[in-house]
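Each of the two complexes below includes chain A, the first together with chain B, the second together with chain C.
Entry: the complex of A and B
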């Protein structure tokens, strides 16, 4: 079974999300169901940002926070981390289905499954990653928006900076999963500056009468 | 008699599509498997490597095949869920014969009865109306071995000239353009060249939804700093990050390419050495675009003049570049013109035969490349030979061991076969792997045609909508039930391995054809006991042709993760990149420019039909949906067709997102929800075509074809859009309330 194992413990592979690469195909949603322990349940989120305006979509796996908010707010102590830092679904015998975690997660990841009265969430395919295999979503993702490998492999093949520190108000969150942003060396992003003019402002040149 | 025995609703109730929800045993059974089979996806021309998990002669799941170099484990949603077509409740597992009195409209019969009936009807019809009155339609989801076999079967067992295939609706414009300009019909490059391009230009190809894996190659080019140009009437998903978007009006692509060539010449962004050394007829192409200035093209195409000029500058001044095109520019009555216009841009700037340089089609169907090479087409013999060429006929006759006169002449292409059936000239039809009722243009006409057949037999694994019209249904095999090769869109010959045996009484397609040939008295030409023997014969038959497989062996194909043809002798490394050293495949070794004057599409908008319609695909469905409309998770992703339209058009029509609209053309009408999005030209609507009956986009499309390739104009029609009253509560397709399915 391990013939395809690619990563040993020493390789320290990481999970990377680059939302800008997502093409919305839902291969990740379909593949998540196929992970041995997910049993037909897809635990990944794929958001359409504003389909009326754009085809932009965004996949969201669990970010696997070092000090997970979901576990902090769980009154039943049902959410555990593995030694490798993977935040798991609520333990069935403990979960009381209160949805505190669903409300508290800064990334909106946990899902309350009413039919089984239990919170389930992305576990980074623990059954696969523990054997050195890539998670299902990052295996199939046709655009490599979801990616799994070593930091060296990333730097060799990809552009952008890896980010895993977030501020939510005054709450600092460090995640195991990385997000890709523009080159951090270029300095902070000035959101008030506005974007350079782009064809995206007027794809069909309607403002100028089509010419 | 080829009318359906029961109503559509009754036939669907019996034969589906029903929805397969879960693997054999259900999700909670835990997935046990005995073995894993390395093979490829059964769907598009990317032919991604995949490992199928098998338990007790059932495919129970998949595992990514990380070591297959093309996709390295990547799959689209169709590839992920493909395994659910096996062990499906709709599967045809015994031969059936039309019987209005039987439950379900068909009665179970023995193989002997079914095959004898087919043979007696072939004989009766051919005796009464001549050999060409019985036609065959095939498809390129089939392996090379089966495609080759069908070409030989139609000519030497059916004795008909009238064999054609569903690639007629997919790849033929690219094939014809490639042959005219370059002397060979194959992708110009392996996909590993895409990341080496400084400019990637996609023309009429919705890569994210129809060739999802190709996205990763384009993103790799972007990581290297490549510019991306996207030419499309819609801001398709991969366009979102493009550097330049060319929002071309449907049916005007050749004007855009002409204007770009005009600009390349005006600024002298030309590779004169390449043009002089390796091409002919540049002056003729140049003369044809002398008046095609960007301002002129802007009026015709709707692409702003500055963007046309920018595209020309980037293409003309970049050291490397690849132009990738697909059905958007090819499924037009000017499909070949459009392809030739694109190739002109590559030849003018010397972008052929070098790393990161090429102009190439992205082949659509699974074996769309290999299936169009070995005698599957009405005018073709193996090795991409010409059925009208005496030398080509003599070579193939020597391999087949037949008299050259036994090989019929050129037949008529797929749509003309449908039209000849409608006109009563063709009376009998055998089809395999083709669902013309959904995939042919003008589906009301297609239905009338099928109703008029005196006899119709299909070889298929599910009863498709066309199968409803059949007199005899012969249960064939799925992709994972037979062994052979296919040739991916890159021109890479790959190995398809059998994972399971056909269920019940279903048989491998080639066994059915060999049995039929025997009963037709031609068994001596078909002495095969396995598909490897067919491949060995294909190698000989293709030898010396442009699509030369002589040196390819199953062993090397498997060991080397595929071989790129031409591969003219054993030990030859294969030919991943064509045209290296500026060597093209015309007899003089040169490529040929073509003059491409602009002309109008087959139908243009007017006061009665003021809106352009273009059709295409969505990511979760494949072609006519015979397979993918039976898989619950794929259906859930996009259950029914929507009519994409811009908010400006919606306002003019007087509808909001989710309101039902009626779209009418001169051929037919369809009512469906409006999907109001700002990502489509305001003068154009888009409807995906995967559905049958009153949800069929092809009710609206026209039977106008390209004069050279005979490709129908699926991408351009004139329609009227009106409010239909009523609405759906959401156009977020994932929230649709699905009808429950089987299991």
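Entry: the complex of A and C
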């Protein structure tokens, strides 16, 4: 038993990603490199939403789909899912570096590493979460855009509702990782819609006179 | 602990797989019969090993046949050959270098870690050496005859064809008779480097699969029990030889039977990497797919078209809700941005 363990099996902690909270500090990008299963490689994505218009950024970790498209399109059968629902990085002996997973993942998560001719992806810090610790990125994110804990802890400390259903065109995808919405009633997050620029261009009203 | 995320796990045996497997078994038996000159040179003491080989041949062909018909594998298989045939002369000329770098030298492992590369090279060449000796010996394709009345001089026969001869006491003779010992030492060295990493690296431990240890344990058992035979004959005056021989045969036979099921099946999957190399090269020379959101080229149009052909076969429908185009025409970067925009819209915006 790891003395630092925070969560046991019965706690059933969950990973929550709330892109809207990202402040672009890149702590997650650095922390991801410390993960024991892929030391030295940062597998998290930190996306600039629209560089010309805003400084807004958004992180992207593997959402661990219940029926992972990446695993289904893998010709080498190299992507496996644990009983706990974690979609693992490609099995190194099998991955033949075709990039099918990189191109098919609806969340744009897997990375093809040309140097080693392999795909690598986030495995929710299996070395840490299997011992009751938070994933590296969630343990350093100052704005809790990346968050790990029990659903009770979320309800105590956060606003919003947890959702893990997404629509990509006609394809509905359910994930292990949750995201946050105001209202569950609106159904899954429709990724191809809802594209309005929803960032605050002048959050402190400096450009409009500072009033 | 691990599940395979396949929806079509069938309990029944795959008939085409069984048929191809049986063809493979028939071919193996035919090679054995013909190659051993009507079983004249077949060593009946090795019948157990032959059983192991036959089981392995059936299992490997069965699994390969099922695997290669999965939609994504079948597509890549077809496209790999298509790409090869497109520029046959150039691609054939590139083959030796591809085989040497990707399959033999395995530089992609070295770039991951030198220790892992060394370990893999030791196990790889050790297994190849052992296979080159064990399979022909077991199938009666290889035997030794003394040259005339010279008791210390032997000739190597491949089937009925006499090849080189050598002195039993020469360096060459020693090397030939200890070929399997050399293979065992190579494999054991590799196994220990792998084990060291597997037992010490927390990351490796966390994503450990039972098959990882089983493969190493199998290689260890085969090598050690094989070396025991040499120890018995050289230093123990042949004591325990019969028991050790049975033990070694058992580990080898079980090891051969394990190949189709476990981690070692990657030996047969990995050459698919060559097809990928040709596919990628052909795709790089073709048009690029253009992202429906940002308008930039992001991948080969051929690969995106191939993916969109197999996704429906796998039960996915990423077509746009209005029927115009597909979500899969979006580049990965825009997918991430779109998701963030859609999520933030559901919480009243960023910030």
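As a working rule, the second predicted complex is superposed on the first by the 183 of 211 C-alpha atoms of A that agree within 3 Å, B and C clash if a C-alpha of one lies under 4 Å from a C-alpha of the other, contacts with A are read in each partner's own complex, and residues count from 1 in each chain.
One rule holds for everything that comes next: a contact is a pair of C-beta atoms (placed from the backbone, for glycine too) under 8 Å apart; a residue touches a chain by one contact, two chains touch by 3 or more.
All values derive from a computational prediction rather than experimental measurement.
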According to the stated criteria, A:20 is in contact with first (chain B), second (chain C), both, or neither; which is it? both
### Touched partner set for A:179, first chain B, second chain C, both or neither
second
### Partner chain in contact with A:80 - chain B first, chain C second, else both or neither
second
Request  = Please work out whether A:134 is in contact with chain B alone, chain C alone, both, or neither, and reply first, second, both or neither.
outcome  = first
Under the stated touch criterion, which partner chain does A:6 make contact with: chain B (first), chain C (second), both, or neither? first
Chosen between chain B and chain C, the partner touching more chain A residues is C
- [ ] Have a look at where A:39 lands relative to chain B and chain C in the superposition and call it first, second, both or neither.
- [x] both
Considering only the touch criterion stated at the top, classify A:96 as touching first (chain B), second (chain C), both, or neither. second
Intersected contact list for chain A, partners chain B and chain C 20, 36, 39, 56, 199-200, 203
Within their complex, chain B touches chain A through residues 22, 27-28, 30-31, 61-64, 66-67, 73-77, 79-81, 208-209, 212-213, 215-216, 219-220, 223, 235-242, 244-245, 247, 295, 298-299, 302-305, 307, 619-620, 633-634, 637, 646-648, 657, 676-679, 681-682, 731-732
The answer for chain C against chain A in the complex is residues 1-7, 67, 70, 72-73, 75-77, 102, 108-109, 111-112, 201-207, 209, 263, 266, 269-270, 272-273, 275-276, 279-280, 299, 303-304, 307, 310-311, 314-321, 326-328, 331-351
The residues of chain A that touch chain C in their complex are 18-20, 22, 35-39, 45, 47, 49-50, 56, 58, 60, 67-69, 71-77, 79-83, 87-89, 91-94, 96-100, 102-109, 115-118, 123, 126-127, 130, 160, 163, 166-171, 179-183, 186, 189-200, 203
Chain B partner, complex, touching residues on chain A are 4, 6, 20-21, 23-27, 29-31, 33-34, 36, 39-41, 48, 51-57, 134, 136, 139-144, 157-159, 199-200, 203-206, 208, 210-211
